[in-house]
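Shared chain: chain A. Partners: chain B in the first complex, chain C in the second.
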Partner chain A sequence: MGRLVWLARRLVHGLGLMLAVLVLNFVLVRLAPGDPAVVIAGEMGGASAQVMEQIRAQYGLDRSMPEQLLRYLGHVLSGDLGYSFYFNRPVAGLVFERMGATALLVLAAIGSALVLGTWLGIVAAQRPRGVAAQMVAIVSVAGFAAPVFWTGMMLLLAFASYWPIFPVSGMEDVGQPRHGVGWLVDVAHHLVLPASTLAMIYMAQYSRQARAGMIAALGADYIRTARAKGLGEARVVYRHALANAMIPVITIAGLQFGQVLAGAVLVETVYSWPGLGRLAYESILRRDSPTLLGILLGSSVMVILANLATDAAYRLADPRMRGVL
Partner chain B sequence: MRAGRTFASNPVALAGLTMLVAIVLALVFGPVLYGVDALDIVNAPLSAPDAEAPFGTDYLGRDILASVLLGGRATLLVGITAALISVSIGVTVGAVAGYAGGRIDAVLMRVTEFFQVLPALLFAMVVVMLFRPSLVTVALSIGVVSWTGTARLARAEFLRLKGLEFVEAARAEGATDLRIVFRVILPNGMAPLVVSATLAVGAAMLFEGGLSFLGLGDPNLISWGRMIGQNRSYLLDAWWTVTFPGLALFLTVLSVALIGDGINDALDPRS
Partner chain C sequence: MTGSIRRRGVLSGASVAVAGMGAAGMGPARAQPIDPKRGGTLVMLGATTRHVNPAIQSGTPAGLPGTQIFASPLRFDDQWNPLPYLAETWVLAPDGLSLTLNLVKTAVFHDGAPVTSADVAFSIAVIQKNHPFKTMLEPVTGVDTPDPHTAIIRMARAHPAILLAMSPALCPILPKHVYGDGRDILTHPANTAPVGSGPYRLTEFKAGESIVLERFDRFFIPGRPYLDKIVMRIIADVPTALLAMERQEINYIPYVTTVRDAERLGKQAHIQVSEKGFEGIGALNWLAFNTAKKPLDDKRVRQGLAYLADRTRMLRVLQGGKVPVALTPIHPGSPLYTTDVNRYEYDLKKAEALLDEAGYRKGADGTRFKITIDTIPGAVETSTGVAEFLRGQFKRAGVELELRTAPDFPTWAQRVAGQEFDLATDAVFNWGDPVIGVHRTYLSRNIRKGVIWSNTQSYANAKVDALLDTAAAEPDPVKRRGEYAEFQKIVVDDVPILFLHPFPYTQAAHAGLKGLPTTIWGPMAPWDDLYWEAAARR
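Let's look at the complex of A and B:
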């Protein structure tokens, strides 16, 4: 199957999922207790019976449910995600602006967790009774059990207060340059603590996967062949075995993207990182449901794109998959 | 029985079980034995731990130890309820998909995939906010978003078991599909599902902690997550306000995870 056909099929699939998210959003809002017109009037600061009728007509609340659903889908397609009365601006722009910061945090966390976790897993697989193997065992249980918002605060206490080598909050300093290398260094400096907090959970899981994958791979026939050919140990481990051991790790990383995003919501709240999660926290405080729904949509798009990227990475890592997907 | 003995000879699993029993006892009897009302103001706001209040006081001057003892009840209750909901949905979906196969399987797996793509925490936040935070909405929303792993596991078990001889035998005896699914196959596929259910309790407690931390817990109940969320602005001045409730949540989930690992090792001799 050609690459273009594959890509087209995956895109249609992604759009189908997106449509399902939209329908679910619509159903939820309609199922929720309370008349939407009353809510809108409340956000505007109260309205007379006449204005209420106007609101109903303006938002199409006087039409039938299927009509309302079509109307809602039409709005979303034209880039209209509703209006936030608290932020006093359209939700779409608000969400779009914050996506970059969240993507940076999530990718930095997954990237460092992948590198460190895989390395820990390899070392643990090579020496099953060694220090690294025991660390993998401990870290993977502790990483599952630690509430991410709490570990974030503990790291903050340690590395921004008692031993203040990292900033307490935000993504950039007002006093620092807003462009060039100086800005990049400043953002990276702010990124270290939130990204490490988020990475710790997933590093644990990746290391477990990588360890299992490496143990299986190192026992396989093709590894014996590679060794018999006289290849160096490093080449055998890092080129031959790792390529196969990485496949389950990539699968897990792709499947968990939505969870990492959820973790980012909590971590952003702790570190005041100006992304979607922080926006979500602010909209909860103000009971601003249009914004929260917009964030749910925006993050669903991010998850679907991430799954697409994972599938592509899969095809690159494992030539056998090219015929299957 | 052999599994029970393997579990009992695993020191890490036993440590987890001991820890969980101790925590549950502390939550059940602690508030009465300690005798301090979690809502009473006992000292100046944000006073450090001392003999009077071993965990210090919060931003209103309330005893943190008293709140930790009381707050765990909501966390544990929501965690167990949500895990029950999640496991029931997961096992039902997985069982039907794996047993029926064909088109039903395809549709159910599409639904599962959809819920896997949906960012769980954000979806739960929307549900809880739209339907007002309460013990019921929080537990339901957590259960509804976290069943996909169990469903996949159950489906795999049913696919593996449904072709085996003892199932054929039950069918030959004229057992109904319902009976085969729940009385014949399910008991034989229990092992991985028990582990999954145990871990689900831990995950649901963390999930509840996250929602309460964000201010979406039941407003009438103290919970560990809510304590952390309410005291977060005082973190740098009063570390104890956040550290102790978080430590309690961490240790509780840790004990559940250790038990889950122990059950896994006991039921699966290969690992």
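Let's look at the complex of A and C:
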């Protein structure tokens, strides 16, 4: 199958999936108890019945649910993500503003987890019964099992309170100008704790996968051949074995892009990281469905793209996949 | 961080000698005199808000920045006395039918336009039409503007609450030339890019993230404000906010909501805490009864439950005894508060007798009836803790209490506003004068299904209705106090609500921050006299 046909088919699938995601999310959000007008009135310190009607009319909440859904779909298809009930501004701008912070956090977390996790997996695979391997197993399982918010709080207590070497919250020092090398260093300094918290969960999975893959690969015939050819240990491990052991790791990494937002909600809330996760959390608390739907739509696009990229990575890593995918 | 403190400290130390030269009477465009109080940035905890225009929305999230951005006709001291603000003098007519405001002549808006009586008239009309507190300006018939610096508010009847209605959070003066351009005020773009005449102007509004205010150099009170910049950072997670305060990443939390958190912060050497400044908003934590539902429609049942509640012990258990009992619908910090009411001290025998009398005798299993309680999501001490404590108390007399904890505010609000509850914990604000924040809960004409913080208890007592209407228009302060005392007595006897305690607010600030806002409106008043002590300045 040609590469273009493959891509076109995947895109059509992706669009259908997005539409399904939109409808499903819309219905789910509306099924939650609670009325956005009551929330807005609550924040106003109470409101008369007339004001409540006004709020409902302003955001089209006085219409029937199918009508609201159709209107919403119409708007989204014409590129309009709607108007946030709560933040009182177009959703697209709001989501776009927060996207960068989340992208930075997620890429830093997944990137560092991927590198570190794989390396730990390799170390563990080289001596499966050694002390290092046992340590890796313990740390991996603990990192995976601990709830994100707990890990976050513990890291905060340790590295922001007991040994105050990292800032507690936010993405930048408010006093700093927002440009230059100083600012980049400042953002990186703020990034360490939230990214590490998020990386902990992923790292566990990568190291487990890499370990299993490497153990299998290192026992394979072609590795014996490679060794017999007289290749150095490093070359055998990193070039020959790793290339094959990486395929399951790529699969996991691709899947995880989908779960990343779930982790980001907690991490961003604990660390006050100004990203989409925190925005999602606040929108849920306020029943701000347009904003929440905008974020979910954005993340579904992200997941679809990530899947596409994963498949493309397979095709690169393993030529045999080209016939299947 | 420390380096910059030291540097700034040395600079301002050197400037002390020149200070105090430009004390008063200079025009707004003069060069700034050097003042030891001047300078520095305050980074503080902010709250998520839709916009910063308090004319169309109440509540602290909009009110905190709003009262810095907009000036109001009057402000108040810590003894409920009005003080001049945009109005340098004012006269409330003896018949109570008009309030004349004589405006400061030097006041200008952040865009340079003068503040005139036309702006006052415009703002009062906007507030009357759009502010959620409909009773606040209800009797106002119009505002006369005989000259640019005189505004006369005309009222259909005497309305003593009018003075408190001129407070910073309740009566922001909006520039007519900005907000009166014909666009809908509820969605006006200037609500997030405001133009006011207050001590600080807004320079950045990032929804749900931060609000930045900067000193307004032409503020009409000479020499003020002192701070150069205020950054309100929104940190949603309370433990993170407390840690940020301990680490001096933020240096002011205007509303610490639990005794436990306040004590934790107060233990730090660099932090000062104050319980002053919350009398005006008058937040009460209470237990609401749905008087329209059986068995709570019977006053004797409600009284019986009140005798079981044992608030003193509840507060000892939940708040370490550090919070007093609130006996009545009026906040203990208000001059109208009375303690001459039934106190419902714990009395199991009395409670059982009342429940028996109402016809709810113990069944074979020892149970009289089963009711539910909805808790408002928030601190355990003020919501679920109360419910759990009450469950144990009620059980002593055979009343089963089932907890329905709501995962978040909207779920709770839907149940309470929809009047689908038996008992519910709630925190409600007095807002200064009872007419503004108290009447809404008890007037039978304010039973409105679906409206949060209306009379959701479905409480109806013709005598209370009449008393509240009389007191609202009572020009004689002594008589008015008597009427409200009687109102409190009746409501406490009827128990549509069992009042628990004043909400335990505390403000916490860096010890180097002086002039904390501790008037009756506390943090919701202009911070024009808030300053960094030179040594601690940042």
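The definition used in the following text is that the second predicted complex is superposed on the first by the 278 of 325 C-alpha atoms of A that agree within 3 Å, B and C clash if a C-alpha of one lies under 4 Å from a C-alpha of the other, contacts with A are read in each partner's own complex, and residues count from 1 in each chain.
One rule holds in what follows: contacts are C-beta pairs under 8 Å (C-beta built on N, C-alpha and C of every residue); 3 or more make two chains touch, one makes a residue touch a chain.
Please read all numbers here as calculations on a predicted model, not as lab measurements.
J.: Just chain B (first), just chain C (second), both, or neither: which does A:Leu308 touch?
T.: Neither: A:Leu308 stays clear of chain B and chain C.
J.: Scan A:Ala103 for contacts with chain B and chain C and give back first, second, both or neither.
T.: Neither partner.
J.: After superposition on the shared chain, which partner residues are touched by A:Arg278: those of chain B (first), chain C (second), both, or neither?
T.: Only chain C; A:Arg278 stays clear of chain B.
J.: If you stack the two complexes on chain A, which partner ends up touching A:Ala262: first (chain B), second (chain C), both, or neither?
T.: Only chain B is touched by A:Ala262; chain C is not.
J.: Between chain B and chain C, whom does A:Met52 touch in the aligned arrangement: first, second, both, or neither?
T.: second
J.: Look at A:Val192 in the shared chain and tell me whether it touches chain B only, chain C only, both, or neither; answer first, second, both or neither.
T.: neither
J.: If we overlay the two complexes on their shared chain A, which of chain B and chain C does A:Tyr86 touch? Say first, second, both or neither.
T.: second
J.: Answer with first, second, both or neither: which of chain B and chain C does A:Arg287 touch in the superposed model?
T.: A:Arg287 sits against chain B and chain C alike.
J.: Going by the contact rule set out at the top, does A:Trp150 touch chain B (first), chain C (second), both, or neither?
T.: Only chain B is touched by A:Trp150; chain C is not.
J.: Overlap of the chain B and chain C footprints on chain A, residue-wise?
T.: Dual-contact residues (chain A): 32-33, 153, 156, 161, 168, 269-270, 281, 284-285, 287.
J.: Within the complex, which stretch of chain A touches chain B?
T.: Listed in rising order, the residues of chain A that touch chain B are 17, 20-21, 24-25, 28-29, 31-33, 141-142, 144-150, 153-154, 156-157, 161, 168, 255, 258-259, 261-262, 265-266, 269-270, 280-281, 284-285, 287, 289, 292-293, 295-296, 299-300, 303-304, 307.
J.: What residues on chain A touch chain C, complex-wise?
T.: Contact set of chain A toward chain C: 32-36, 38-49, 51-52, 54, 58, 86-89, 94, 97, 153, 156, 160-161, 164, 167-170, 174-175, 269-272, 274, 278-279, 281-282, 284-287.
J.: Quick one: in the complex, what on chain C touches chain A?
T.: On the chain C side, the touching residues are 4, 41, 43, 48-51, 56-59, 61-62, 130, 132-134, 186-187, 191-192, 206-210, 231, 233-237, 239-241, 243-244, 246-247, 249, 408-411, 413-414, 417, 429, 431, 440, 448, 450-454, 538.
J.: Would you pull the chain B residues touching chain A in the complex into a rising list?
T.: So the residues of chain B touching chain A come out as 113-114, 116-123, 125-127, 129-132, 199, 202, 206, 209-210, 213-216, 225, 228, 232, 235-236, 239, 242-243, 246, 249-251, 253-254, 256-258, 261.
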